[in-house]
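Both of the next two complexes hold subunit A, though its partner changes from subunit B to subunit C.
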Partner chain A sequence: MIRALKKRILAGVSLLAVTGLVVSGIPAQGAATPGVTKDTITLGMSSAQSGAASPGYNKVGPAMRAYFNYINEKGGVYGRKIELKLEDDKYVPTNAVNKVNKLILRDKVFALVGNLGTATHTAALKKTPIIKQSVPDLFVNTGYSGFANPKKYPTTFMYLPSYIMEAKIMAKYIKDKFPDKKVGILYQDDDFGKDGLAGFKAGGLTFVAGGTQKYASLSQATVGLTAQMTALKSSGAEVIILFGVTSATAVAMRTAAGLGYGTTWGPQFIMGSVGADPTTLLTLAGATTPALQAATLRSLTGALSLSFLPAATDTEDEYVKKFIEINTTYNKGVPWDNNVLVGMNQALLIVQALRAAGENPTRASLISALKSKGGTFASAGYSKLESANNVGYTGYWVGRYNSTGVIAPVDGGKPVVYTTDSSTANGDVAVSTFTRPAMPADGVPTNK
Partner chain B sequence: MRLTLNKTRRNMALLLSVALIGAVLGFPTAATAADPTCTTAAAVTTCTGETSDTAKYEVRVPDDFNGTLLLWSHGYTYVAKIPAQIPLLGGAGNDLRATIAPGAPDSMVTANALLNQGYALAGSGFAVPGWNAESAVKTNVELLGIVKKKFPKIKRTVAWGSSLGGTITQRLAETNPKLIDAALPVMAFNNLDKVTGSNGGYGTDAVWLFKMFFDPTIKGFGYTAGPAGFGEAAVDFGKVLAAVVAIQGGLTKSGADTWPATATLVPAAVKAALPARSALLMVGLLSGMPMRSTSFDGVTGTPIDTSSIAAASASTSAATGFSLAVQPALAVAENMVNIAGFATFARFDLESQVGNKNFADNQKTNYAAKLSEEEAATYNVALSGESGIAGLLQLVAGFQAAAPLKGDADTLAKFKKLDTMTGQINVPTIAFNNVEETVEFQPMMSWMIEKANAQHAAEVAAAKAKKKKAPAKKFAAFWGQPLDEYTVFNADLTPKQQAFNAGTGHVQFTQTQWMDMVRLGDMAARLKKLPSAAILQLTRESDPNWYPAEDFDADTFESIGS
Partner chain C sequence: MLVVRSSHKPSATKRTILALIVGIILFVGSNFIDEYRIFQGAQVAAYLVGIVSIVLLTGYSGQITLGQGAFMAVGSYSAALAVQEFGLPIWITFFIAVLAAALFGAIIGISAGRLSGPYLAGATLAFAVGIPALANAIPILGGEQGLSFDIGYAPGKYADTVSPYKWLFWICALCAIIAVVIAVNITSSGLGRQWRAVRAHETAAALCGINPARSKVMAFTVSSGFAGLAGVSFSATVGLVSPSGFTLALSFLLLTGAILGGISHISGALGGAIIVVIIPTVFESWTEEASLGVATYLPGIIVSALLLLSIALAPEGPSEALHKLRRKH
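What follows is the complex of A and B.
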């Protein structure tokens, strides 16, 4: 009898102990905003920090962190320091799901920022609670137009102009400047490429017979692009669009050099913005042999590309100037380039969004602030950020690379920025009248 | 091999009717069973015996009994022994040994751990092999009567079981709620028709698509009655295995792609343009198969060679290519073999139970719609790009137009009657499943969650209408998951075959997870309600093999087009 009573007491104690543990270990539902304490705001990012797709893009996250550290030293956002948890998804969709789940469910971040890749982020949106928990999903690093869809992805905001916009602007430029030339294209056989083709079609650009070549994403790394580049050469295309990621551009250019580019073959290359960072292109080539690096530079010289930010080499630009200064101190040892510029500019936007969300930010107030005020934020972008509609930047300028891999506006002087939207119903493109806000004093936003 | 299927079926019909009567009247039918034989050793009393339907049972009660009885229901066992010469499955089947805990009787690790914690354990081998949910419920009802009579110190009972045992557990709770205090259905198999009936479905699509792509001589459906049909199932399993091995062999060694010689319906031009791995992955995606398996995490690349910059660059490309292009197909290959065992031998069993005719029909199945936009984007590389996707779907449409599955209507109607689980929640219930489970795939658990939520919403509405206090939820769900990365490689860079990784394969949980289940079930039985949301959440967050939230965004039958 006594033994039975003792057992009952022990069972009760055991239950109480577990309950006590729970009470002290888990905050009550809704008691606090995830990722926000009195001292910190924790953000999360999933990106390719290693693997074949990582070169160049793996500099974006650390650049964001460097800018946050700069802001933290200046007092943070309303006294809170910004912490960035950066996860390496290796550009593998299954892994992106793992990493985003970890960031939301275990690290309990306040918001996601700068996640990279169309396939990776599509998988994350499908298989993680981004939507269910209304996690702000800011400035995804892809131009896939499908992410600017508030009905389907209410908390997701783009950063890059869409690939459709880029293709429409490119189509207009080619039709204007190369009206009688035969045009060919190399594109990625996925949503990235589909978006681009839709934009070219809307812009009324047609391709020469045999001049539409594609490759399965990342097959360039193992299979190469010899068949496609040979076919483009055979098609007689005089203007060739390279509409792929940087590693594909690098392989295409090396292959072109091997096919006589610059000596017996001289098409005009035009590269999409996400695959055109010269530092990365040369680094990728140099990782193999100096001869290949030289071949890449030969192909790059005279090539055209589109950009939505200033050239990273434009040290007269006030944003570029300040970011280089921050990079030198807070991102030591990392060479300045376009990827670092992209990351720092994103971080500048994020700090303004956090400030606009108020002194006691919630996930809802952050999204609301971005929708209502995002278009007014200071940034290096040459076109308006259409965050009211979850869209990113809306314009591009066209530049040409010189023999040292430096890009400058194709018409000399200041860049002419073209603007459009993601509609595939028309190819309307106009010269932008957008006036870029000035860089906040000392690079530290004070907006509300 | 000796098969007495007709006799077995007649016996089953009799047992089913007895079970139904027992359920309706609500009392155990143990009167005809002999008393158990009991011995005590090492501070545990062990009793064995047979229920009136000849099911062998076992009960173990520790001296330091804590008052909670755990009634275990084991999973599906094939209706006959599979011939020894069949790889992987040879010797399995017709296993009616009494089973008191997961892994038992072959491994007593979990059973002994639970006995050490003071739990009493009981379970039978059931009276008949194969799909036996209703007969097994009857056996369990009788067994509980025997055990409670023999051990009056039992204060509460938790029913648990996995796979078909999960179905039996849930059915016990639905039909005899007064006999148990809590239920832990683990991967309860449900929705037979949606899984493999009138509109294709997982078990149908996986086999039919595999057959069309890789070996049209696979019979797959409409097996002959009796031992000959069981033999046909065995041959089919061997053919699936052979084709998988042919594809897998090249992939694991060199990333090279090999269409098996048996893939005679696929035109040579398609074989030249598209790798077999893309077709295999398409089979997995259109059927709703998990994209990770016991050996393949879908993430880990082949090892990087750091001996030189050039070697590192090349091996990094290869590693990413392996993760994106090869791993998903290897996972499908492994899962396909796992599923094929059930999809052949269990189909033979199910067809035997409904008249030895094919009930599966895919004439109206919209296969193109089964590939979601998200899947097409996620697996774009592995499917060989947009053009690969379009080509493969076109091929499937051609297969379907030329040789659709036509199910016999009367047989289908009988088949649907085998599906008795309603999802009604009568006792505190915590259901478990794994996100990469290959047999009881995600939609089965999603369906249970939807049913339980709808029931609770209706109960709350009814209480509100009567101005009564809203009833508490009686149902919670737990998802197990694998670790992020677990693929490992041999010295020659080929991936290692692994036997276990929690969250994958079929009913793979860690010992910690089994103990978590029992702890929560015991708590529910003691409290007469679910443990608090905070306790459930703490458990989910305590182990990386639990998904750390209840609302895992799982596939549903609707989302995969079943």
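What follows is the complex of A and C.
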């Protein structure tokens, strides 16, 4: 009885196994370009929409969507409306893998746009089919120089200037303006921070003993930065670089205030560009009452920061002006700030890239269009977009917060933009001669 | 599927055959399902093993754990280190994960075995919080970004025809099937009876010649071994072993899955695993167009509501309620 049953099962098992192997060997059918239909182009983005690191950055995706909606109302891209699927990975690498898998496999997006975070996106590139399916991976929202590597990541394009570029420019600025001061740094302990350290080293900047402090990303909200800030204070650092996310900058500034910053302790703070949006910092500092707001502003006043875009408050700037207009109508209730500017500017570039990819875009045509024409796209950036080599913008200007939380060029007037590359072999930094293209009429690109 | 009842238990041979059949069905079925579902299937398999580890410890041995994520982390880090430092083949690392986590569980069990109830829950909670933070502080473990753990592609000529997701699913499903078979065998063996005896009444068990302390340590060790396997499966699905993958939330999620499925039956683990993996995805896709904020928090609220409902209506879980219903008829 049992033997007969075993035989039957064995036969069944073999049959099923053979069927399985045969079916698994059948190649997938060729299909139309994923994410592109007669009427729509679907794009996907995975970003921190909630969680410790999300404040500020969670406005980038919705700002992109707002600009796309504006374009959709003006006729879309060759008649196709742009849809953005926005996923929340909470800045956690394992979540990013899940979300990007979902975007590519289930939502079948045409391209990924503006994915945010170094560790998160590294994980996604490793464990999702971005490379295997040649999914265009446009304008990642991180400055990690390793992403501009066409051999390793052929479809990934950067947006921010690399952290190495930023650190080299910061190093030059500090050496020029604070030649004899002791310098300390607080950095995020992952590729983001390490990229920065490599840039500071290339730029020849040395840190005072005990003045190199780090924090684990996502840890700052729970454990605080008291140990690190106390160590920086006792190291005697007179110039302190904060090279982390905005939420870390907020905790650091709050801790510094508790340690006497602004009264008995007066170091010069310099904040990295990704961690220095004033509106977000004010919100994070719990600035709900006028008194608290004033206290936060006091701690920010005089701090330096870098930016590759115009100041969000520079309403004279044609790009800023138009984006504010779009934000008011298409992103209702969201206060205008640097994060919204970053997102809208990104969306403006994406629309131009989609147009350049032709009337019937494919993933390959989008990538080749970006490589050949990306450098000529109109955008608010003050430096050239080196998308020919998968690199993002290539320059920064240094600004100082005034007493109303507004960042303005240090020497007044127009910003002086410094440019460099991601080489760690030298710290060469030059003043940029780049001329920015004008904003397309009505903010609607017509490029081919 | 693999339903085991105390009144009527299939023999070990029948169980193995049943497992084989399930394996074949999954193997063949995986060819007809889209890749994203396959990926989710792999996740379900990984969570399933994690929930089984909780069912063994809490359901059978009666020891409450809030820190199963920590044991998963120990397994995962051991596996990733074995690849990184010693270049061992991936398949061996699954055994290493089990052994390392079991050893860790034994050590914890020896001390935690003296605790019970809320004190034990508190102690395991401390591990769930402490282990990821500790991992973050040890340089060889790669800090926040963690270590890479890549199971790669199917071997030889199948590398091109078998998608990486199918390959991942096959491995995770195989681990889950083996884990379930072993778990069911354990619970219907003398060891399982000992655990249940200790859970029911320690003194009575001792009078029957069972050493309660030893029985508890054994349960901790075995359960941790399963958690180690869950950890390495989980890491295979994301290709990464990092502190943020083993948060307190994961431990709670597994416990929730165990309770929702039915903590006193291995068979409930599958339901629990499906709930914790699928519910968030379903609700996210329903709500994402409405508002991302809602999409972010709603799945958690739904799962929590289910947990409360389950505790109120079927405290031993839906699977136990079903069993009772069947026994009545």
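The rule is simple: the second predicted complex is superposed on the first by the 410 of 448 C-alpha atoms of A that agree within 3 Å, B and C clash if a C-alpha of one lies under 4 Å from a C-alpha of the other, contacts with A are read in each partner's own complex, and residues count from 1 in each chain.
Here is the rule we go by: a contact is a pair of C-beta atoms (placed from the backbone, for glycine too) under 8 Å apart; a residue touches a chain by one contact, two chains touch by 3 or more.
Keep in mind the model is a prediction, meaning the values are calculated, not measured.
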Exercise for review: Have a look at where A:Leu86 lands relative to subunit B and subunit C in the superposition and call it first, second, both or neither.
Suggested key: second
Practice item. Considering only touches as defined above, state whether A:Arg106 meets subunit B (first), subunit C (second), both or neither. Key: both
Check your understanding: Is A:Asp189 contacted by the first partner subunit B, the second partner subunit C, both or neither?
Key -> both
Review point. Once the shared chain is lined up, is A:Asn345 touching subunit B (first), subunit C (second), both, or neither of them?
Key: neither
Point to revise | First (subunit B), second (subunit C), both or neither touched by A:Gln49 | key: second
Review point. First (subunit B), second (subunit C), both or neither: which does A:Ser217 touch?
Key: both
Practice item. Return the residues of subunit A at which the contacts from subunit B and from subunit C coincide. Key: 19, 23, 25, 50, 92-94, 98, 101-102, 105-106, 119, 122-123, 126-127, 129, 132, 189-191, 216-219
Point to revise | Contacting residues of subunit A [partner subunit B, same complex] | key: 7, 11, 15, 18-19, 21-23, 25-26, 29, 50-53, 90-95, 98-99, 101-102, 105-106, 118-119, 122-123, 125-129, 132, 189-191, 193-194, 214-219, 221-222, 287-289
Point to revise | Interface residues, subunit A side, partner subunit C - complex | key: 2, 6, 9, 12-13, 16-17, 19-20, 23-25, 27, 49-50, 61-62, 85-88, 92-94, 97-98, 101-102, 105-106, 119, 122-123, 126-127, 129, 132, 189-191, 216-219
Check your understanding: In their shared complex, at which residues does subunit B touch subunit A?
Key -> 66-67, 255, 291-292, 297-299, 301, 309-310, 313, 316-321, 323-325, 327-328, 372-374, 377-381, 384-388, 484-485, 523, 526-527, 532-535, 537-538, 541, 547-549, 551, 553
Review point. Contact residues on subunit C for subunit A in the complex?
Key: 13, 17, 20-21, 24-25, 27-28, 30-32, 34-36, 39, 43, 133, 136, 143-146, 148, 150, 161-162, 164-166, 237-240, 242-245, 281, 288, 292-293, 295-297
